[in-house]
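Presented sequentially are two complexes of chain A, the first with chain B as partner and the second with chain C.
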Partner chain A sequence: MKYLSVVWTVARKDLLVEIRTLERLVAMSAFSVLIGVLFHFAIDTSLIRAQTIAPSLIWMASIFAGMLGLGRIYIIEDENRALSGLLQSPISLDALYFGKVLSNFIILLSIVVLILFVFAVFFNLSFPGNLLGWTSLSAVVFLGVLSFVSIMTLLSAVAVNNTMGESIIPVLVFPLLVPTVIHTVTATNRIFANRPFVEIEGNLRILAAIVLIFLVAGASLFRFVIEE
Partner chain B sequence: MNQSRMKKISMSFGILGVVAVLILHYMVFFWVPTESSMGIVQRIFYIHVPSWWVAFISFGIVALCSGVYLWLGDDRLDAAAVTAAEGGMIFTTIGLLTGPLWGKIAWGAWWTWEPRLTLALLLWFIYLGYFLVRRSALNPEKGKRLAAVVGIIGVLDIPLIHVSVSWLRSLHPEAVVLNPDGPTLDGSMLATLLVGLLAYSLIFVCLFTVRYATELIDRGTQIQDV
Partner chain C sequence: MIPRLQAVDVSRTFVRTRAVDGISFDLNSGELLSIFGPNGAGKTTLLKILAGVIRADEGQVSIDQKAVEASDRLWRSQIGIVTHQTMLYDQLSARENLLFYAKLFDLEDPEDRIRESMRTLDVLEMADRLVGSLSRGFQQRLALARALLHDPKVLLLDEPYAGLDLYASRLLRDRISSLKDGNRTIVLVTHSFEQGLELADRIAIQARGRFVFTALNESFHLTEFEQLYCDTLQECGV
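So, the complex of A and B:
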């Protein structure tokens, strides 16, 4: 229980900082809506049916918004030496990692939910009409966001004290995200097409395995990326 | 192991490698029969497969040395990891260049999003990240640690990428040597392939030992301590 309360304390601290400044949430929300507008005009609807590719665009927008918001988490903390203070506190580094994963997860999840509804309006998408469809969609969003956040929380630390800053993060993260993108996009497309659950089940299983591997690797390797 | 002994070892592997490469090219151009369905372009196979063989071995070395480096902190392991990563990049690039040359004739397209091609391209980028992280870190010691983390995560991601992209339809020829029912390759083709694997492995060991020695000299580590 003590471990979980440490994780929650770290997450709560990050969320409080975010609520007080609203910097990342505002930037990510505005970006999400604007990228939806750009995507809409980037599609020639006389050639392609927008509803067919909209679920894929939802995940592209989520990943770009996540890059924008989560790429600078440690740079912001390092600017006023808060990161040094955090590292000197008597908490285990894996608890620190899980705390940051939790806060980033809550922030990105709220943005992905916003993207889902905004894109549904922009692209005239119909949400699933039954409970199973909603449960599947929730599971895909939950696992997709957690998978992205677990790897971003680990590798965003690379941007601190680095001559390339956060511009290095996409080069590191995008190749690793391909499995996540394949399964979240496939599952989301099928959910919006009202396909049976058996066609989505396999994607969910692999997404769960990806999340598990990323979280275990992240917690084990976090100390090597965060310590000076 | 002193410097002159290391030089002798790398020279020996280098000479053996060059001889093996010459034999390989003789076999590819003059000895091995032409494959019936794909024709003459299939001969790229004897260059393409050995380059991937070496690329995967070198990435295995990167992950292993990176993991042990993070555990023990021995600088020589990091030197071995970066040396293997450089070799891996060279042979991955050879594989990525020879694949489309073959694919254009065999499949009618330079590139397809086939599982093994996709994995190869992503591996190349993962190891590009490995070098970028190392070079852009303001603290070189931290740069080594970060690169080791990228090396480990990259290798952990390989099965995930392969399983995930395999959901798409595969165009790539099935395994003809490591096939569960035994090799399906003609005897002379298999012999040529084995010479290719040996030749590329020897060249890799030569490059690895030379580069490893120079890396240690660059770092000011005494080779006598190895």
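So, the complex of A and C:
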């Protein structure tokens, strides 16, 4: 219980700072809307079916929006060297990691919902018409976002003590994201094509396994990247 | 007497630079050690090792003769640290900042502790102001309030007067002086000989990662110590 309270305390602080500055949310939202507008004009939907191409664009926009904002999670800690204060406190470093994952997850989830809305408007996407379809879509979004933020939160910490700064993040993150991208895009494609659940189930299982691996690896390795 | 804070042969190397090189000292309860030294002498690294922010490559730090294990994070609740960086969030109010740290340290009655800590440091009237809007002097006193929130046995101060005007600096010095209540052990790193000597029970000069001079502070005058400091550094080839 105490452990969860620490996780929530860290996440709540990050969210409170974000709500007051809106630094990352504004940049990520503007980027997401811009992507939607650009593709709306760039793609001729009389030649290409929106349902076919939209899932890839949705996840591409989500990942780039995430790269834009989530990499800056430690910037607020760098201000006044607040990170040293956190490291000097008696909390376990994996609780700190999970707190950061939670705040990043809430922020990116809200952006992905915005992206879905933007693409629904510009591409006239038809969402699943039944509860199972909605549940599957929610599960894909949940697992896709969680796998991305779990690895992003770990590797953004590398930038804190690295002379290359934030520019190192894409180099480290993109190769690790390949399995996540393959399964989220495939599953989302099948959901929008109204395919039966058995065709999506396999992707969901693999995504759940990826999330588990990334979270365990993140919690175990976090102290090695965050400590000086 | 059992030393409150003990360092035995503590060393830390960054790439090829030996930032801290075999430092040992004992400090009893109620004592204040002032550490002086040129830039790059490894003073801040030493304090970070004592605070558990970074690990020592060699040697051992003990509090009340219990060896500090880097993997055990609970001992950190016995240490408070103040540097010239406040470690506070500009976008949170003074109270929110302290409440955040109170929760991390799992303090009972956090609101009462915060009020008491802020009253002691004379920053209570700023409780609901955003930290970013406070003057440097208030921010630094708030940083001290944060460090004292969990009533640590050992207080580490790294250039706490940096960037403060004379008045704020005096005020902070008075607050630090009042913390010498016999129960707390304090390590102060400063470039200000006047303030360092005024408060110290023991003094040390650190250069090239080592303590090149240590003494009890019984009768040092400012000018005498300045000369001693320069001579010592010259002998070390700094």
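Quick note on the criterion: the second predicted complex is superposed on the first by the 221 of 228 C-alpha atoms of A that agree within 3 Å, B and C clash if a C-alpha of one lies under 4 Å from a C-alpha of the other, contacts with A are read in each partner's own complex, and residues count from 1 in each chain.
Just so it is clear, contacts are C-beta pairs under 8 Å (C-beta built on N, C-alpha and C of every residue); 3 or more make two chains touch, one makes a residue touch a chain.
Keep in mind that what you see is a predicted model, and the values were worked out from it rather than measured.
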item: Touching partner for A:113 - first (chain B), second (chain C), both, neither; value: neither
item: Contacts of A:2 with chain B and chain C, given as first, second, both or neither; value: second
item: Partner chain(s) touched by A:87 [first = chain B, second = chain C, both, neither]; value: second
item: Which superposed partner A:186 touches (first chain B, second chain C, both, neither); value: first
item: Partner chain in contact with A:33 - chain B first, chain C second, else both or neither; value: neither
item: Which superposed partner A:208 touches (first chain B, second chain C, both, neither); value: neither
item: Partner chain(s) touched by A:161 [first = chain B, second = chain C, both, neither]; value: first
item: Partner chain in contact with A:76 - chain B first, chain C second, else both or neither; value: second
item: Contacts on chain A seen with chain B and repeated with chain C across the two complexes; value: 228
item: Contacting residues of chain B [partner chain A, same complex]; value: 70, 118, 122-123, 125-126, 128-129, 132-133, 136-139, 142, 145-146, 148-150, 152-154, 156-157, 160-161, 163-165, 167
item: Touching residues (chain side chain A, partner chain C) in the complex; value: 2, 5-6, 9, 13, 16-17, 20-21, 76, 79-82, 84-93, 227-228
item: Residues of chain A that touch chain B when the two form their complex; value: 151, 154-155, 158, 161-164, 168, 171-172, 174-176, 178-179, 182-183, 186, 206, 209-210, 213, 217, 221, 224-225, 228
item: Residues on chain C engaged by chain A in the complex (per definition of touch); value: 48, 51-55, 73-77, 79, 81, 83, 85-92, 96, 100-101, 103-106, 146
